[in-house]
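Okay, so subunit A shows up in both of these, paired with subunit B first and subunit C after.
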Partner chain A sequence: MKKNYLPAKAFLFLFLLMFIFLPFIPLVLTSFSYNWIWPNAMPESFSLSAWDYVLFDNSSTWQAIGVSLLIAFIVTAVNIILAVPAANAFVRYPLRGKWLFEAIIFAPIVIPPFVAVMGIHLTFLRIGLTETIFGVVLAHISPTLPYVVRAAITSYSTLSVDWENQARMLGAGPFSRFYHVVLPHLMPGIAAGASLSILISLSQYLITFIIGSGQVMTLPILLFPFISGGDPAIASSYSLLFAGMAIVALLILDLALKRYYKKKQAAAAIKGVRE
Partner chain B sequence: MLRKIKPYLLLFPAIITIVLLFFGGLFDGFLKSLGYFPAIGETEFSLKAYSSLLQSVAFWDSLIVTIRIAALSAAISAILGAIVAVALFMIQETSKSRALNFWNRLFQLPLTIPHLVGGYVIVLLFMQSGFLSKILAAIGVIDQIPDFPVLVNDSFGWGIILAYAWKEAPFVALMVYPVLARIHKQWRDVSRVYGAKNRDYIREIVVPAILPAWTVAAFIVFVFTFSAFEVPFLLGVTYPSMLPVYSYQLYSSGTLADRPEALAVNLVLALLTVLLGLIAYYFSKRWNVLKGWE
Partner chain C sequence: MRKLALAAAGLLALALGACSNEANDTAANKTDDLLASDWETIATEAGGQEVNMYMWGGNENINRYLDEWVAPRLQKEYDVELQRVPVNDAQDFINQLVDEKSAGKKQGSIDIIWINGENFKAAKDNELLWGDFAGKLPNFNEYIDPDALEVAEDFGEPVEGLEAPWGKAQFVFVHDEKKAAEPPKSMDELAEWVKENPGQFTYPALPDFTGSAFIRHVLYETTGGYEQYQQPAADIEDLEQRLAPMWQYLNEIEPYLWREGETYPESLAKLDQLYASGEVSMTMSYDPALAASEVMKGRFPESTKTFLLEGGTLANTHFLSIPFNSSDKAGALVAINEMLSPEAQTAKLSPENWGDLSALDFEKLSAEQQKAMNEVDFGTATLPLEELEGNRLPELSSDYIEVIEKGWMENVAKD
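Moving on, here comes the complex of A and B:
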């Protein structure tokens, strides 16, 4: 039985590898290639000129990365502030018309948000919100907020009220109860929601384009002309940079969370020693 | 009194944000699709945009293309996703948890890749002078660039389908895999005691177990593909285009007369996605997809 498992497993392994990595091979090769012509299966010469252009010559690259991250982080911070109390209400209180509130909050997951953005575009134009980072931030909230709320709900539903009551009996006020009891418990869920929020915000193209009108240059706006018929080497470098930016942002968040817990643990240890 | 309204106060900021920014936008778009736009002096309601939309060939062509592409994307990513999930499951049976963790993370890689990048990956792989074509030429299967089929920016939409199949298969796997992982090892032994062969085991136990999650996952991919913009904008053709792209073309065409029509397309799109979303929700509740069994 185990024996005829082996070739099957090798095949599966190969399939998985092909499925994930094969698509990236031409992307990486093209970004380092110089004038790669058909029918050569490998580029005839390698060069760093595309990367050089993307990272150093074109000053708008770093600016675009900055704008993208700025928008993503503001959007995510606003989302967290809105989502945590909402999740609290959903999980811990008897609500009348709960289904209606849920339907409102989760509607942007089903209905494509660009529909709402196109609808509100002219109003934004009239009140001067187009072509501004603030306008784009507002436009990014509805596609991202539902995911943060959902993540916060998941966290809240595993948090027992008893812990807060204990803290209350020990004399903790509402603020310190939230900061020392609730927040540490919610943190992983908030981080998961924040990751999604950042990821979705970073990869928006159409919404940013409509509200930003091409004036708010995020990385996807900058990169689109290249990938729709520009120089393949530059387009590939930009694509890798774009994908890398999202992954790095998530890794940083992951690291920050780990550090937060380490600090908490260290603080608890010190307290333990003092007592 | 305060205790009673407290939960509503907690909910209020999030609700009002979505109501203003999202539903406000939908409503704003709806009014303008009816031709009501006081800022330029239009204060009359009419169904002109909708009636001209329903009579235009371009709209129906676009709708058909959208359904075709979404259905094929969903079907292919469902099949690929199931294979991936089974592959993960079989690897899991024989390897340690750390390796498994690594594989799990690897699998989510296509999920974190932005759609535009995913689309461009497909361009480089499948265009007529792309990577696959170069490889086929190098090993002598094809002699000229035109020998390679047109798979990108083709009127059928294969490029879009390939992009979604690759991007969404991991999503399907992610939905199906937890169900597979819950199938107890003993069930296999029990089935063997009753004389079931491997094939019977898969047909009688594994397939029925994963079917609900699998169907719902495929359906979610369908609804998503139905209303997504970036990939068809990059990989499609100008005519016939998928509905979101069609709406954008109308909206950005420059003539103000097309705008109500673009917004009408959006409203149709919104209604269709709500309908499809409700169907998905109904079945996922009914089949208990997210909770499973004990």
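Moving on, here comes the complex of A and C:
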């Protein structure tokens, strides 16, 4: 049995190596390079100056990472609060004109964000929401919400109402029905949606720049001018830092999820002993 | 119930909108008296203000110059806090100001912007700039000749005091001495050189700023000088015929360019990359000291040098301006004035800091200040200032640039 998996595993390993790990090597080399002239395979000498600029001389980098993560996590929390009831309604109630609501929620995937954000900017200017983290959070919801709703819908459509009915017959109120029956079933879907929401929010440049008007500094705002300006060492350092930030954000999410499952297991074990 | 909730939300939004507009009105009137007051009043009012400077943020040297040289001095001497806001493209904050204007936002956070050329024209046409402030600045009055063409006009557009010159740029070619020992001195010689060294030269595809400037040199040299283009493009009836020799020249060298001219680098940054990695032997720059600072950083080879054309190269000025709705105009005035001081301009001149040419009139400086500027070490890759100054050509106005960019697509890129 085990042998059958081997080619698949080897293929997966190669795939990860080629498309995920290898592209990072030149990025790391460039960020440390000094005097890297074609056709040398390796830079002639190494220098820490790009990292020095990004990490230490430029105090705004750390602040930008903090703001990026803060926005991403708030956006994701709001998305979950909005997406779960929405998915519930989409899957379970025979809404009239359901396709219209779905179209509105999924429109940001199809319509380029630039189109929408220009209009949002004017409106936010009038009501004084530009240049605030709150405004940027609101603006980030439109490109991220569709993914969370999509994931929650998938989870809901595999959850039969019978489970909840059974809990109801056993005397569970609406809150404990949701917490003990629905939520555990939704968890994997929510985790997938939340990961996407975090990643998409972290990588927003245009929306953050326009709504934040340069007063809300996230990491992409610092990074973009260097990519188009052509300072490869600094652009590489920032890119690696960005990748690191995204990975840490996902790890935090993963850790929270694991803790949730552990608690569940522990709770189930205790109940098992009592019975 | 549901209708009630909707109505409540709508009311709230309206109320919020009304509040923010009212709060904006009172503070705005105060700053407009600023242009009438004397410099001392302005300097006192500037104390404690936080000035946001929106500028392109893709160069470590420039960022460091502002963060580590300009900002601490402003803080110490005037108690003005300079906050640099990095932007990908000057077009971005112009769009932002257009939106703020149409939404009626009177207390904006942009206090200083770094612009020239098309962006200045767009800002001026949309009335996004505060007013005729340049004459208020002591350093402007003392060290700058307001009637000099390069200060009075920005790409053919009259400046009218709406912006103050910060520095000058001049087009130079960059070459590797080891690969091109005798650099060409005219466009004709360049064509010969390109044919003898196939694959060693190319230019950034239009509408790249520097690629477009390269083509303007071709225009000047193949069609008989810049003088004929000092009038609006619409006034020249046979413009298309006049441009024909330029397209002919570009198509003639195309097969000998990098990758046989099948493709062009999409930006100057990409061309610099090709040069840095040794794939081509020449690149170009609007910053005469950029090559020197890239050599210092170890990106360009030590044998890098710069050269001009015998007929001169294009030069332009870049400016600082204050938007109509800046909240800290006094602070902005003080900051701009400080950046025009001989000390700040001399520091800016050094390739270690930035390597940008001074905006000041050299003749108006004291002997000591002149000496300080002359002592700046440009490294071996930069040409002497006198040689640069003696070979300047004026820019074309933006209506020509549009015609050329469109024409290049049709006549060169598509063929």
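Assorted remarks:
Note that the second predicted complex is superposed on the first by the 245 of 275 C-alpha atoms of A that agree within 3 Å, B and C clash if a C-alpha of one lies under 4 Å from a C-alpha of the other, contacts with A are read in each partner's own complex, and residues count from 1 in each chain.
Note that a contact is a pair of C-beta atoms (placed from the backbone, for glycine too) under 8 Å apart; a residue touches a chain by one contact, two chains touch by 3 or more.
Only a predicted model underlies this, so the values are computations on that prediction, with no experimental measurement involved.
Partners subunit B and subunit C clash in the overlay (superposition on subunit A). In the superposition on chain A, A:P26 makes contact with subunit B only, while subunit C stays out of contact range.
When the two complexes are overlaid on their common chain A, residue A:P232 makes contact with subunit B and with subunit C alike.
Look at A:P108: by the touch rule set out above, it reaches subunit B but stays clear of subunit C.
When the two complexes are overlaid on their common chain A, residue A:Y53 makes contact with subunit C while staying clear of subunit B. After overlaying the two complexes on the shared chain, residue contacts for A:S213 are found with subunit C alone; subunit B is out of touch. When the two structures are aligned on the shared chain, A:S45 is found in touch with subunit C, with no touch to subunit B. Contacts of A:F224 after superposition: both subunit B and subunit C are touched.
In the superposition on chain A, contact is made by A:G128 with subunit C only, not with subunit B. After superposition on the shared chain, subunit A has more residues touched by B, the comparison being subunit B against subunit C. Note on the chain A alignment: of 4-12, 76-84 or 148-156, the part of subunit B that runs into subunit C is 148-156. On subunit A, the patch touched by subunit B and the patch touched by subunit C overlap at residues 38-39, 118, 122, 126, 205, 224, 227-228, 232. Remark: subunit B residues 6-8, 10-11, 13-15, 17-19, 21-30, 32, 37, 39, 80, 83-84, 87-88, 90-91, 94, 103, 106-107, 109-110, 112-117, 119-125, 129-131, 133-135, 137-138, 145, 166, 169, 223, 227-230, 233-234, 244, 247-248, 251, 262-263, 266-267, 269-270, 273-274, 276-277 touch subunit A in the complex.
Contacts from subunit A toward subunit B in the complex involve residues 5, 8-9, 12-13, 15-16, 19-20, 22-27, 29-30, 38-41, 81-83, 85-86, 88-90, 92-95, 101, 104-105, 107-108, 110-120, 122-123, 126, 138-139, 141-142, 145, 149, 199, 202-203, 205-206, 220, 223-224, 227-228, 232, 235-236, 239-240, 242-243, 246-247, 250. Subunit C makes touch with subunit A in their complex at residues 13, 16-17, 19-21, 52, 54, 56-60, 63-64, 67-68, 85-89, 92-93, 95-96, 99-100, 102-105, 109-110, 267-270, 272-273, 276-279, 297-299, 301. Across the complex, subunit A meets subunit C through its residues 34-39, 45, 47, 49, 53, 57-58, 118, 121-122, 125-128, 131, 205, 209-210, 213-215, 221-222, 224-232, 234.
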